[in-house]
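Take this structure, written in structure tokens, and hold onto it; I'll ask about it next.
By letter and in written order, the chains are A, B, C and D; residue numbering begins at 1 in each of them.
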Amino acid sequence: MTVAVVILLDGVLYAAVLFLVAAGLTLVYGVMRILNIAHGSLYALGAYAGTSLVLVYLKTGGPAPLMYLALLAGAVVAGAIAGPLVERLLLRPIYGREEVVQLLVTYSLFLILEDVMKLLWGVDPYYVAKPYAFLGTVTIAGVRYAWYQLLLIAVALATGVLVSLAIRGTRLGRMIVAVTADREISATLGINVGRVYTLAFTAGAILAGLGGALVAPLISVAPGISVEAIVLAFAVVVIGGLGSLEGAALGALIVGITRAAAVQLFPEIELATVYLIMVAVLLFRPRGLFGEWETRRI
Amino acid sequence: MATVLETHGLTKSFGGVLAVDDVSVAIAPGEIVGIVGANGAGKTTFVNLVTGYLKPDRGRIIYLGRDITAHPPREVTGLGVARSFQIPQIYASLTVLENVLIALAAREGQSLRAWAPLSTRVREAEGLILLEPFGLTEHAARPVSELPQGGLKLLDIALASALMPRLLLLDEPTSGVSSAEKFGVMDTLVSILQARGVTVIFVEHDMDVVTNYAGRVLAFSEGKILADGAPGVVLADPAVRKAVLGWA
Amino acid sequence: MRGGKALPLVAAAVFGAAPLVLPGWVTFLLTLAVAKSVMVLAIALLLRGGLVSFGHGMFFAAGAYTVGMAMKWGGMREAVVLTFLGVLAAAAAAALLGLLIARYRGIFFAMLNMAISMVVYAVLLKLYWVTGGTDGIGIRTPTILGVMPERESLRLVMYYFTLVMTLPAFYAVHRFWTSPLGFALRAVRDNEVRVEYMGTSVARVIYAAYVLSGALGGLAGILTGFSVGHIVPDLAYWTTSGEFVFVAVLGGPASIPGPLVGSIAFEFLKSYAYKYAAFTWQMTLGVTMLAIILFMPGGLWTIYEGLARQGRQWRLSWKRTG
Amino acid sequence: MQTASFRTSAKCLLALLALAGVVGGAMGLAGPPWAEAQAKPAELKIGIVSFLSGPATVFGVPSKNAAEWLIEKYNREGGIGGVKIRPVYADEAGGAEKQVAEFRRLVLDEKVDLVIGYISSADCLAVAPVAEELRKLTVLFDCGTNRIFEDSKYKYVFRTKAHQVLDSVAAAKYVLSVKPNVKTIAGINQDYAWGRDSWESFRRAMLKLKPDVQVVAELWPKLLAGEYSAEISRLLVAKPDVIHSSFWNGDIIGLVKQGAPRGLFSQSLVVLTAGEHMLQDVGKDMPEGVVIGARGDHWFLHNANDPLHKEFVDGYRARYGRYPIYPSYHMYQAVAGVKAAYEKAMKAAGGAWPSLDQAIKAFEGIEYRVPPGRTMTIRGDHNGIEPAIMGLTKHDPKYPFAILDRMMVFPAAEVNPPLGVKSNDWIDSWKK
């Protein structure tokens, strides 16, 4: 019984982290049909920015609870700066080019951002444990959890709900939906497609950054975290179906719970669980659980 | 009488709109059939259904007595059905001749050969002969990207005819071709195809082309066949004229 | 045009003579570059079909590890047999994975390869009692046709072995490009719909190219393994594959020598970059790649072709005036 | 059409080769790599390789610092028999293949006289055969794998430290002394060779020393995973008496950060065999009562009054603002070992500069003094043996981080297998 509860809880916890990382990737793909290999780098950027800001803030000796604001602010600022910059300078010239070219461009961006972060933050790892420990712990099913972990679940849920509400309920959201459905027609309807793309990409970058910043208090932020993040995010998104937010949520849950079960029951296979699920899903549903085939007009 | 193509109750809708609605038609060997109709009447959808690009919601497609309903294009092509496209579907990064050579190799079933060269003397000669009626011989060595729009259209048809099909579907073969060339090309093409005994179905907007070359006309309107018969009769029908041309 | 037939021979002579004049460590780098150029060739092959693989390192690893295991557990030492075995294994792996992957294009093709190569990476780590885990496997000096090279001439022998093994790969790809299948692959990139409407299966074309490309990747892995003398799971890590994609773009995928040019240029650049630009090396790669994609889609090779064209024109005008 | 492009290709190859030729020529035509100078050289050029980028920088930079500090000290004191040392630093990042190429470059292009380096076991294993091929004295200073000298014999390769078994065996012995009634153990180790080998030795040693011990969980998160929520839950559910972990770098910090608030370190006795290196990083967040290993007897407060040790700790601290950590000590042992071997060889040769063979002969079985003021022994198998230190973390107002309490020093003979015996065979042969 305890084990079942722990698996479920750990699974959802991990799913929350995965979802935060994957949501931006799937959003950007959904709107722009571009798979951003540099998404992991934006995640790392958020982690660095959030951590640095918290460290700076803690030095000022201000009230501790406000450090969470610093954490989030770091991520949002990083995403809000990097997003438009990347979209305007790098992605705009390649809309309409082959997918392969777009992939190569985002891969170039990944390479560039890796070193930009090294130049800005060096190679020494950054740690900030306080946001994790500060909220205290709670015992569930005899196992102690940090409140921060539960907070992550709430944040992931809120993010998912807010993003999908924003897409369904706001004017901008409807424009995004229109552009996703048909770029040319949207343009003729007077929608500023360029602006929608900038906004969508920036939103994706901020989501990536938030993911990084929120995970940062658990880990040590160092070069290399982006390389892992992109593969993981991609796997989650593919399981759910590229471009689908619900898919990303479901994919994250499946992966999270399976991994938690693996850790409790068969720790040997933990390393490969994500990829095994992905391959299994793709064998039966080549476009993922929520994915759709596109037919070209001829 | 044996038919080349039959459709029975062919139906296809997109998001609730019926693009092709219960179309049944039979086409005999050697017939040259023109399809006319306003934009959105279901002509191209019909071609897409017959050649397997789309799967019908209902109905059957019989080719030479064999049910090919929902067979993918590759299989349908393998059985001897070829088509051209409204928007030319060609290999834009290759030369005109290379485009045709690929079609020839495909017809020979040699597409997956990885060691022998594509360009052999025999194949090149055949390719040049194939390009002749389309006036493309002199452009053979040029990259396709340098061809004018009309040239692309003709190459698209050349690729289809290079497959030596028994049934050829042409989707607006003369749109984009200059009116000076139009009839010359159609003359040569139709006479070659007739000599080979190829059955032809072509979608066309130019009524003069239809009148000149079709032995039979299908008029499509809102997914249904409005009229079916000799060009003189069908095109004179006021209902057809209203539906197709927008005036009686 | 001018003595075209003699040139490959001259090139062969130059490559043949290179290690006799070059210092030892340069010869080593050249060996590596030549070995890896086969991998770049494999990536370029797919690129020309409009496909990019961010996981081709797995075939590199498949070839290398087949050799490593055959040596470690099978006690085999003969380079020619091992090479054959390794290529076979890599091709078999590609033939198996191709069944799943040949269904995909674009993003999916790229990223699925990436994900599967990460599984391969995980497996190589996991089965550490077989594969040595991250410690890897040492590849001992092989015999070549039964002869064990002397320590003093080892590098030279490995260089020539690599060169000789690379030639058939390049020749095969050259044949491939002029064959119906090679053209079909380019046709797939241009227009899949038309390919299917010619009765040719796009999936089969891609499958065939994938298997060939996997076999080439395996060969590259084997040759690299022999010359480095040690193999590690990192070969299958996706960033390794990414580097190869970079080199393919750098050299220009559309020509046969492009991969070789790119590979040699890259290997030498890299050996200095680590020393002088440790923190800006990846950035340099990224910027270079962007510049090539946006301004010079043909890669380095176009520079040569441009120069060659200009040369011909000069010669022509000179003839005319003179 | 296509054949033409193949022909033109040849032209390019020509151009390229010409280029390679020019480049190669400019780099200087090397003589045979095995030529030896017998006369006293102007300087001794040492290639020093450690991680200067990537996640293992946490080890690489402290070791480079130690090399820098020590070589400057030696040069101030007259070098080795009057010959000054000139270090050439290189980055270990980039993988085994890159290191093989880099090693060749150091030897053949930079023409270093010997190489000290390598933190990663894979790099050690990859470079050792090349060192043999090029006949270049190579001193491995930090990598831990026992495979290197247990699986192969090398003439030119030495390692001036003990291998991984020492940490695991010392940890097992220490655990039994502070918690003799241990019933259940669990392991959380990175899923790669170092983690696997460390756990295997620890588990074997524990079962040998206390056969009724039960293993209740073996967890293998991947290297650099960073996030261990599920693993910590598993350990909290399993409630083992002792948890063994050979984590290092960001991973160990992640484990401490995530585990401490959740009570992992108060529930079980946690053993961090490589923990010494991160104490200064984690600072006051480090829980007390955690077993810390130092991969040897490398602890700045151990034998702190020994003049050699004091000089090192004070000098290092003054220059780099931190206390030396175990990779710094390992580097010290390597550089000092080279100096000792050359001096011993010179003495044997009557003051003449030794040949490579003489230096190697001197290196085998050498004993020399290193911090914390003890004798370092390099045995006939070219591998060093060291004592080990274990202790429990405790906060002390004098330091901004946890220091070791209840320290125990295990003599080298107790934690290293006898010469010629493989590690696991040695553990299995224990009588108890």
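A few notes on this one:
One rule holds for everything that comes next: a contact is a pair of C-beta atoms (placed from the backbone, for glycine too) under 8 Å apart; a residue touches a chain by one contact, two chains touch by 3 or more.
Because the structure is a prediction, the values reported are computed rather than measured.
Nearest to the common centre of all protein CA atoms is the CA centroid of chain C. The chain with its C-alpha centre at the largest distance from the centre of chain C is B. As a whole-number value, the distance joining the C-alpha centres of chain A and chain D reads 37 Å. Per-chain Cα centroids separate chain B from chain D by 73 Å.
With centres defined as mean CA coordinates, chain C is found 43 Å away from chain B. Averaging Cα coordinates per chain places chain A and chain B 48 Å apart.
Of all residues in chain D, those touching 2 or more other chains are 53, 191, 222, listed in ascending order.
Multi-chain contact residues of chain C, defined as those touching 2 or more other chains: 122, 125-126, 178, 193, 279. Among all residues of chain B, those that touch two or more other chains are 53, 85, 89, 119.
Remark: chain B residues 51, 53, 72-75, 77-78, 82-83, 85, 89-94, 98, 101-103, 105-107, 110-119, 159-160, 163 touch chain C in the complex.
By the touch criterion stated above, chain C contacts chain A in their complex at residues 47, 50-52, 54, 100, 103-108, 110-112, 114-116, 118-119, 122-123, 125-126, 193, 238-239, 242, 245-246, 249, 279-283, 285-287, 289-290, 293-294.
Across the complex, chain A meets chain C through its residues 29, 35, 37, 90, 93-94, 98-101, 103-105, 107-112, 114-116, 118-119, 227, 231, 234-235, 238, 242, 268, 271-272, 275-276, 278-279, 282-283, 286, 296, 298. Chain D contributes residues 53-55, 57-58, 191, 217-222, 224-227, 229-231, 233-234, 236-237, 249-251, 253-254, 257-258, 260-263, 281-282, 285 to its touches with chain A in the complex.
If you check the complex, the residues on chain D that touch chain C are 2-18, 20-21, 23-25, 27-30, 33, 52-53, 90-91, 93-98, 100-102, 104-105, 107-109, 120-122, 125-126, 129-130, 133, 145, 147, 152, 191-194, 196, 222-223.
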